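One structure is given here, and the rest of the page talks about it.
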Amino acid sequence: MSARGNVLAARGSVWRPVVARISWQRLLLLLFVAAFFAYLFGPLIIMTVTAFNSADYPRVTPWDCFTTQWFGRFGRDSLLLAGLANSFFIGLGVVLLSLPIGLAAAIALSEVGERARSLLYTVFIVPILLPGIVIGIATLLFWGRIAGSFGLGHDTLLYNGIFLTILGQVCFISSYSMLIFLARIQRFDPTQTEAALDLGATPGQAFRKVLLPFLKPAIGSAAVLAFLASVENYNTTVFTIVSESTFTTVLASKVRFGIDPTISAIAVIIITTTLVAAIIQEARQRRLAARRREALAGVAAGAGAAAVMAGPTGRLLSHPASVAVLLLAVVGGLVWAGSRYDSSACQDALLQQKLQRQQELLEQQRQRMQQQAPAQPAPVPSGAAPKPASPFGGVFAPNNLGLSAPGGAVPAPAPPGAAPKPASPFGNAFAPDNLGLSAPGGATAPKIEPGAPAAPADPAPATQ
Amino acid sequence: MSRDVTLEHVTIRFGSHTAVDDAHLTIRSGEFFSFLGPSGCGKTTLLRCVSGFLEPTEGRVLIGGEDMRGVGPNRRPTALIFQNLALFPLMSVAENIAFALEVRGVGRQARRKRAVELLELIALPHVGDKKVYELSGGQRQRVAIARALAAEPQILLLDEPLSALDLKLRQHMRSELRAIQRRVGLTFIYITHDQGEALTMSDRVAVMSEGRIEQVDEPLAVYDHPKTSFVASFVGETNVLPATVTGRDGTDVTLQTDGGLIVQGFAVGRRQYRAGERCQVFVRPEQIKVAPPEPGPNRLAARVLAEEFEGNLRHVSLAVGGSVGGSGGAPAVGALAVGGQPLRMSVVNDGSLPPLQPDAALTVTFDPSVASVLPEGPLARA
Amino acid sequence: MSPNGIRVAFSRFFHRWGPGVGIFVTGSVALWIVLLIVLPQLAMFDASFRFNLPPAEIGGPRDLHTLSNYAALLLDGRGGINWLDLGVLGRTILAAVFVTILDLLLCYPIAFVLAHGTSGGRARLMVLGLIVPFWVNEILRAFAFRIIFGSSGVLNAVGLGLGLWAAPVDFIRQDVALYAGLTYTYLLLMIFPIYNAVEALDRNQIEAARDLGSPWWRVHWRIVIPVAKPGIASGATMVFMLTAGALAAPQILGGPSSLWFTQLIYQWFNEGGNWPRGSAYAVVLLLACILVTLLAMRVFKVRIGEIGR
């Protein structure tokens, strides 16, 4: 290798283009990875930002006022809270059922012969591949059938949404936990069991005292995964939940029928929780790894090697418990500061500004209409676009237009571009902005134009 | 009570493959007994059969006269030290050692006490609270032994326990193991592919090849009086001379080697050779000496090919052309007499032999009583 | 697996871990397979052949088997073909294939970089970065895409602000949002199988090929991709099946004119109140997905046993 490198280096003319090409490729790859992670995190970041914008439609631009009001709404949403409670119970039930099943399936796989294994594996993996709604429908129908054949009424367990949802979710989440247990069991050294038996343990004792402890980390991660998968599941749950609701189904109906920054606020809470958990977990992992390294170093070089590790302060700071405390303190502080933050002054000012702006526009329009009325009954929409008078610049222009439309009390002054698609969730391109202007006023000031059909309260009329 | 381990015509097959073929022997109570053989010869299989993880396909395993068929590993008076030790990585050292007591329902205090005693026994008094991965290889080795001893077995089975250690430690652990065995007075059944280990530690050694037990004997007898050509060539260094029998007088056999040498040896197992029969003569390198001036049997004219120096020993490669006084004269350089191989001679480096130049001529000899004559064929028995 | 094979396997559990564990293992697996997987599917299959009767008549004389539910998917009732629903099915399958390919193109380089381009702390961080977004609810992720792609969303704000386009583009009607969201949803299911497969590759092999002067694409085509194939098959199967069966993303991000087949099923259950019809549609979806998957496996010569590894 190195000899070859030398030869190439000597023939510089050959070597240099190679280097250039490689670094060019690396750069491209780097860009790709960066773009990929932007795709992964971009939506989450943008959603996070919108949670702090006082505009009624979740958006980043134009920025109205920094606010924390959307977080408060979440705490007062009884539907969501009820769904959250149900989700918690369902998640618990799913964990309690799918872990033993997944464990049993993994053990079964590790014990059977080669041919039986591939067949059994295929059976175990099928629930992951089944479309979620198929599982949901099948579960719903099957237990309904059972209940029917026993003559049970609709108030019994077999018709209970929570019960059905647990069973439906266990069907495929068991496969997930099976995969996790299997990955761990494959690293199990079977002579461990033999050693236990040889030392006088019964097979049951060998299982409890040797295999189960070995699987403990997998039990933890399978439980977390099963719980998360349960809480976030929609496709199966939406069928099996019947008349109940879960956090996700409530969220889904909110998102489908109305889109407002409260949902962004919920996302921020979830993302923060996730991040905190991830960081604490990472600190724990690092500590375990460091301990192991330290122990090995200790064997190799005696106690002196321990001194190589970080000093006491660094160690204390990187301890998972202190990391957790630190993070929780930061988050708690932010929550406290956020709950005391009052954006009403800013919002009032903004509202005043907008009202004033609107007055001016109304005035202008009225004048224009008076001038044009005899000649042209309909307003000229195109004339609205390049409003030089707008203090908000080009980006804000559509806003003005949107406002002026209903405000002008003209039957159909919408620009031609927006006209053909009023049914689309965003059919009226300017509706959400329109909403953004009118709603914050809702609390502090009367509606600007009560008579105008402004934008629909939810800009997402379900397509179904 | 006697705790002899008896293998009665034990055969173990995996499908069509015979891993152990008709093992038939008795290991006496309190003995340090080794199975020695190249890897893959069925040693582990045999041991797993004694410890109860495998049932013999044919034959019986008896411990203390009791047939062990159907008795699981957890109910046999044996404890196995696994080739990879199989210590429990999630338990502390003390928990590992006390595991056998824990599964028997012994209380925490008593367990702790016994663990401390056993740690004393293996001379690691302070490691009880450490994790297994914090120990060095030799320490793990001893902990595995302590864990097995805690089960209070009558028979300790050890499957190549030293193979993972480095050379120095391996040699140290040999004497350590032997000392522990003397202290606890148990039967040790030890498996190894390392003849040095088998010969230094054991009371008796069984040499195995391809599932068959070739010879069961005391270490010295195995080395000095190999009963089969496999044992002769597997245990220790040796010179192999293919030859044809020319005459016999009791156990003394006269032969002509394929290189034309006339040599004398003894018939292993008092086998009655006929003139003209093909056979092999085995002579250890250290049994080959520079011949004294006075006449005697087995005087061979030789020429030095090369010399290797290994500290305490000097290994000399010789070309031998014919017996002195036989076909006469020193062999030409490059002439090889011994089945295409040079004759190897090992001499203690005590200054008695002057430095040898390549190509130097000398006469070497060996005593007929150390030249084992065995029938030809790799697996032939005397 | 022969009955004898099953018996041997079960006796092995009992022998190896004792009767308690043996009963637990066989019992749990049997309950799972029979009660949660097989019987419900059979119930759905059976329901798809029944008339939509009021509860009182179920089990009564009129509760007979029929093919009418399948006929309704195929025919429009006026002697013609039901192009509407069949079209939705076809479009769903095609779109799922498209999303699968998109995911493969995105994930293969990432999986490769993860396996052979980084190590130690950076690789851990990368894995963490891959996993964390997926701890956030699927609904919320779809919602985030709606914020981005809405006509007054971030993308339009940026595009208009930079003057890239003059009027807001309706990314939702164009299904851009839907594809972006669906592609996002099952990224992990593509990355990790490929990663697992590629990780087994000896790095020396790649370097040797590079050393011999192979251009990077040939190294991938001849050395890496053959090794990655089981992972790609596994990931592609999962992504395809789950995308074709997705409901949340199409409901939230789907344009008004492009229904997903799962939405039809949903409608039969919720708005239409015709469960047998919905079941029939679900059975058809399932069969179509399996068919496409088996076909793809045939073409690319992989076995189902390799999935999920």
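The letters A, B and C name the chains in turn, as written, and every chain counts its residues from 1.
By definition in this document, contacts are C-beta pairs under 8 Å (C-beta built on N, C-alpha and C of every residue); 3 or more make two chains touch, one makes a residue touch a chain.
Everything numeric in this text was worked out from a predicted model, so none of it was measured.
Student: In how few steps can one go from chain B to chain C if every step must land on a touching chain?
Tutor: Tracing touching chains, the least step count from chain B to chain C comes to 2.
Student: Could you name the chain whose CA centroid falls nearest to the centroid of all protein CA atoms?
Tutor: Chain nearest the overall C-alpha centroid, as shown: C.
Student: For the interfaces A-C and A-B, which has the higher count of C-beta pairs in contact?
Tutor: A-C
Student: Please flag the chain sitting at the greatest distance from chain A, going by CA centroids.
Tutor: B
Student: Could you please state the distance in Å, as a whole number, between where the Cα atoms of chain B are centred and where those of chain C are centred?
Tutor: 61
Student: Using Cα averages as centroids, what's the distance between chain A and chain C in whole Å?
Tutor: From the centre of chain A to the centre of chain C is 19 Å.
Student: Suppose each chain is reduced to the average of its Cα coordinates; what separation in Å results between chain A and chain B?
Tutor: Centre separation, chain A to chain B: 66 Å.
Student: Of all residues in chain A, which are in touch with two or more distinct other chains?
Tutor: Residues 202.
Student: Quick one: which bits of chain B touch chain A in the complex? Just the residue numbers, please.
Tutor: 51-53, 72-75, 78-80, 82, 84, 86-88, 90, 99-100, 102-104, 131, 133-136, 147-148, 150-151
Student: Note which residues of chain A are touching chain C in the complex, please.
Tutor: 1, 4, 25, 29, 32-33, 36-37, 39-44, 46-47, 50, 57-62, 100-101, 103-105, 107-108, 111-113, 115-116, 118-123, 125-135, 137-139, 141-143, 145, 148, 167, 170-171, 174-175, 179, 193, 202-204, 206-207, 211, 228, 231-232, 234-235, 238-239, 247-248, 251-252, 255-256, 259, 263-264, 266-267, 270-271, 274-275, 277-278, 282, 285, 394-395, 398, 417, 421, 423-426, 429-430, 432-433, 460, 462-464
Student: Please output the residues of chain C touching chain A within their complex, sorted ascending.
Tutor: Interface residues on chain C, with respect to chain A: 1, 5-6, 8-9, 12-13, 15-21, 24-29, 31-33, 36-37, 39-44, 47, 58-59, 106, 109-110, 113, 117, 124, 128-133, 135-148, 150-154, 157-158, 160-161, 167-168, 170, 172-173, 184, 187, 211, 216, 237-238, 241-242, 244-248, 251-252, 254-256, 259, 262-263, 265-267, 269, 271, 275, 278-279, 282, 285-286, 289, 293, 303-305, 307-308.
Student: Quick check: in the complex, which residue numbers of chain A touch chain B?
Tutor: It comes out as residues 189, 191-192, 194-202, 205, 209-210, 213-214, 292, 295-296, 298-299.
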